[in-house]
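Look for subunit A in each of the two complexes below; its partner is subunit B in the first and subunit C in the second.
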Partner chain A sequence: MNAHSHTYALPADLPLDSGQALAGVEIAYTTCGELAQDRSNAILICHALTMDQHVASENPVTGKPGWWSHAVGPGKPIDTTRYHVICANVIGSCMGSTGPQSAAPDGEPYGMRFPVITIRDMVRALVALLDGLGIERLHAVVGGSMGGMQALSLAADWPDRAARVLAIATTARHSAQNIAFHEVGRQAIMADPNWREGDYYGANAAPDAGLAVARMAAHITYLSEEGLTEKFGRRLQDRPDGQPGVKGFGFDADFQVESYLRYQGSGFTRRFDANSYLYITRAMDYFDIAEEHGGTLADAYAGSTARFCLVSFDTDWLYPTAESRHLVHALNAAGAPVSFVELSAPFGHDSFLLEVPALDRVVKGFLDG
Partner chain B sequence: MNAHSHTYALPADLPLDSGQALAGVEIAYTTCGELAQDRSNAILICHALTMDQHVASENPVTGKPGWWSHAVGPGKPIDTTRYHVICANVIGSCMGSTGPQSAAPDGEPYGMRFPVITIRDMVRALVALLDGLGIERLHAVVGGSMGGMQALSLAADWPDRAARVLAIATTARHSAQNIAFHEVGRQAIMADPNWREGDYYGANAAPDAGLAVARMAAHITYLSEEGLTEKFGRRLQDRPDGQPGVKGFGFDADFQVESYLRYQGSGFTRRFDANSYLYITRAMDYFDIAEEHGGTLADAYAGSTARFCLVSFDTDWLYPTAESRHLVHALNAAGAPVSFVELSAPFGHDSFLLEVPALDRVVKGFLDG
Partner chain C sequence: MAEGVDRVDTLRPDLAVIAAHVPEGARVLDVGCGDGALMAALRDGKRVDARGIEIDPECVERCVARGLSVVQGDADRDLTFYPDGAFDVAILSQTLQTAARPDRMLAELLRVGERAFVSFPNFAYWRMRWALMRRGRMPVTRHLPVSWYETANIHHVTVKDFEALAAGLDIGIENRWFFTADREVGVGGANWRAEYALFEVRRA
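So, the complex of A and B:
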């Protein structure tokens, strides 16, 4: 479908949770659907770790459809004949918004001089974008995974800016296991000699090997054990002539799951920046809404004016249902209206990105209701 | 306690599942407890991926107690006043048995010229050792994790060699997810420029960075999510002056779990060889007893003369209880006597190595019964 790509330059420095401020921030975003004259029909979709602003239209880097194109469009669950959909690349990323590969004030890429950011900093930039667009109150803020974290953060710290909050397959805080997996990825990147302390832009080689390992480790956490078994099991790679594979008694990719993971890893390096991976995973690891509000999650939503809808998936072991329940209890304690559903889907955490008809119904029902 | 260290040189070439054969194989092993005159009281303990023959006595490399010293010794669950305990380093490893760092017939280290081995090949070497020791029938073969795989393999292919088979926290086949995690580790090692296609012995540097990342990724799978949360949660590192930590807004180890993982990774490189890690994980990934016996697991145990005891842990997500149940059903179908218990322990897969009193009771009850 048609979407419009824009860039918005923040009119002022962006204050950060670290105490620093970021100057000259640009936000790359897309829009689709008409904005109503009273500006009441805007839906902000927040993207996950490695996604981008191309939610419903072809991705210019990969040539693939937008990452949620089955869910966003005319007549789709997020119906662009009714809603004006905005999706912006988060700061720290590498798809047009200011991040480690952007030029610092001295004209050279930031690299590791880019300040460490938080999820709340990403949302602060999104709110500045909404200010620029003159959108005071969103019809809804929507996101899965890290996108859900942004939705929850917006609701906590800008409680009047969204009438509805739809957070899918997410959590109000990163667990020790979540942090551990991210740390493995960061160590893989930083162990790559091509990383050069982040100063690889313009060099002959980027830390692709480390980034690929990071992606492979993370990718396993996005899938369910059952899904992996169903999709690959212990099946061996077919031979080039189409004959069924046999064990090679070597270290090539014998098993289909090995080949798949290698493909995921190497494909990722063609579209993502290693330093962005470091910064965004760090932001996710720092994420803990309760900690940002005196230690009690319910307090974060005491002033909320939004209706909430939370969705988890039964096979998601990265942000399992217990994390959503934890949030439901806090929202109940805060007196916020919340509906919650655990959906059954075989795809693990990735279910939020895939075609799950029950999710479509929940999304549409909540947004149109 | 006192244990004796020995080395046994196999009198003949060791045939391998790949069709190759390995010449000049040496097996490093330890023994403790007296062997009865009729040689009927021997227990073979098989070790896990990164363990070794030092099951009950101080490890000469690390200076730490043997990896199962709380379970093996006089009056302990595996009582060395009753039993003669044998534990041998698997082939492919790096603690004295023949592996990639051993000299090939040309006098140079094998490196990646070492043949790819299987769990059954490891067991074939262990059976050759038992032959050399004149032990026709073990009182029991015992192991956890990869040690359990060896115990199950011995029972399947040398059905008269053990009267009891005790397999803890293990599986009869490696799942797609198991393979995926191992592949991440292998890719991390092979991405390290110091790996040099395995030809790093005698070089200035070993692929320690890659091996550390591999260990970190694997280590997460050994622990339970609950255990990580209980042990570390989101706690920050204390500052050097003992004050509670604050977020550093950088990429140092802020969280205790990060510091712990880095410590696990770097400590591992001081005691383990990267090529051995490649070969042993490959052997585990190839492991599928059913596939080795015409596709039906029960057929593998049709000729068994042993009693079996299987133990799983409720928080082990690497080899979850379902894998043990799958094996129980096959053993039932084969008419083999089998007892099975799922124990509750908070430590995830690592529970088999730790002090779990209920495990001690099961081990003692089964071996002495």
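So, the complex of A and C:
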């Protein structure tokens, strides 16, 4: 479908949770669907860790359809004949918004001089974009995984900016296990000799091996054991000459699951920047909405005027249903109108990106209701 | 408004009575709200701020799809997360007998709600008594159509049992309605004659 790509330059420095400020911030975003005259039909879709602003239109880097194109478009659950959909690349990323590979004021790439950012900093930049677009109050803010964290952060800290908050397969805080997996990924990147303390942009090699391992480890957390077993089991990979696979008594990718992970890892390095991976995973690890509001999650939503809808998946062990329930209880305590449903889907955490008909019905019902 | 009234008319009789007695604009919690028919009627007909709890995910999905705020959860466990007096009215329709501890659930209802509507099948209905006496087996009837081993109704209760429980918990009974074959029946001999009962209760 048709979407328009834009870049917005923030008119002022962006203050950050670390106490620093980021100058010259640019935000790359796409829009689709007409904005109503009274600007009341805008939906902000927030993307996950390695996604980007190309939510419903072809991704110019990979040539693949937008990451949520089955859910966003004319007549789809997020219907672009009714809504004006905005999706922006988060700061710290590498798809056009300011991040570690952007030029610092001295003209050289930031690298590790880029300040450590938080989810709330990403949202602060998104709110600045909404200010620039003249959108006072969103019809809805929507996101899955890290996108859901942004939606929840926006609802907590800018409570008047969204009438509806739809957060899918997400959490109000990163758990020790979540942080642990991210740390494995970061260590893999930083152990790659090509990483060079983050100063590799001018070099002829990037820390692709480290980034690929990081992606492989993370990818496992996005799938369910049941899904992996069904897709690969213990099946062996066919030989390059088409002969059936045999155990090679070596360390090539004998198993299909190994081959799949290696493919996922190497494909990822062609579209993602290793330093961005470090910064964004760090932001997720720092995420804890309760901590940002005096230690009580319900207090974060005491002033909220939004309706909330939370969705979890029964096979998601990265952000399991218990995390959504924890949030539901806090929203109940705050008196906020909240819906919550645990959907059954076999794909683990990735279910939020895949075609789950029940999710489509919930998304459409909540946004149109 | 007319649409809302129509919907009230098509509700199950106990729900229609509840809908008629919930005040305009009230804050309502419907515990075990099913597909949200009552909540939708209250929202559309009486501008009620309705919230629901429902254990079945497909029911929750239908509720969300009709724009209702419903949380998938287990009333036995999740009522504790609502603050005291958060609602004007709490509703528990045909669910009390499925609770792990009906006494505690009743107390919880009146902790979160100023008053409550509670409906349940009356196990002392004469057809039940007759079936039990004649056959010596747990009754399977129109209103309780599931065998004892697979029924969700784990705490069978009668009109008199409920009245005794209310007295024991110091809960005031404001109103009572009785139904048989989906028609309202009189109060006289209700413990024999009523297939199911509806009580409006309040903290004493």
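Following the convention adopted for this analysis, the second predicted complex is superposed on the first by the 365 of 369 C-alpha atoms of A that agree within 3 Å, B and C clash if a C-alpha of one lies under 4 Å from a C-alpha of the other, contacts with A are read in each partner's own complex, and residues count from 1 in each chain.
Going forward, a contact is a pair of C-beta atoms (placed from the backbone, for glycine too) under 8 Å apart; a residue touches a chain by one contact, two chains touch by 3 or more.
Given the structure is predicted, the values throughout are model-derived calculations rather than measurements.
Asks: Is A:E136 touching the first partner subunit B, the second partner subunit C, both, or neither of them?
Replies: Neither: A:E136 stays clear of subunit B and subunit C.
Asks: After the superposition on A, what does A:E108 contact: first (subunit B), second (subunit C), both or neither?
Replies: neither
Asks: According to the contact criterion defined above, which of subunit B and subunit C contacts more residues of subunit A?
Replies: B
Asks: Thinking of the overlay built on chain A, is A:E355 touched by subunit B (first), by subunit C (second), by both, or by neither?
Replies: Once the two structures are laid over each other on A, A:E355 reaches no partner at all.
Asks: Have a look at where A:S339 lands relative to subunit B and subunit C in the superposition and call it first, second, both or neither.
Replies: It touches subunit C, and subunit B stays clear.
Asks: Per the contact definition in the header, classify A:S18: touching subunit B only (first), subunit C only (second), both, or neither.
Replies: The answer is first: A:S18 touches subunit B but not subunit C.
Asks: Touch check for A:R325: first (subunit B), second (subunit C), both, or neither?
Replies: In the superposition, A:R325 touches subunit C alone.
Asks: For the complex, which residues does subunit C have touching subunit A?
Replies: 49, 51, 57, 60-61, 63-73, 78, 81-83, 86
Asks: Along subunit B, where are the residues that touch subunit A in the complex?
Replies: So the residues of subunit B in touch with subunit A come to 17-18, 20, 112, 115-116, 173-177, 179-181, 183-184, 186-188, 190-193, 209-210, 212-213, 216-217, 220, 223, 225, 228-229, 231-234, 247, 249-251, 253, 255, 257-258, 261-262, 265, 278, 282, 285-286, 288, 291, 317.
Asks: Mind pulling up the subunit A residues that touch subunit C in the complex?
Replies: For subunit A paired with subunit C, touching residues are 307, 309, 325, 328-329, 332-333, 335, 337-344, 358, 361-362, 364-366, 368-369.
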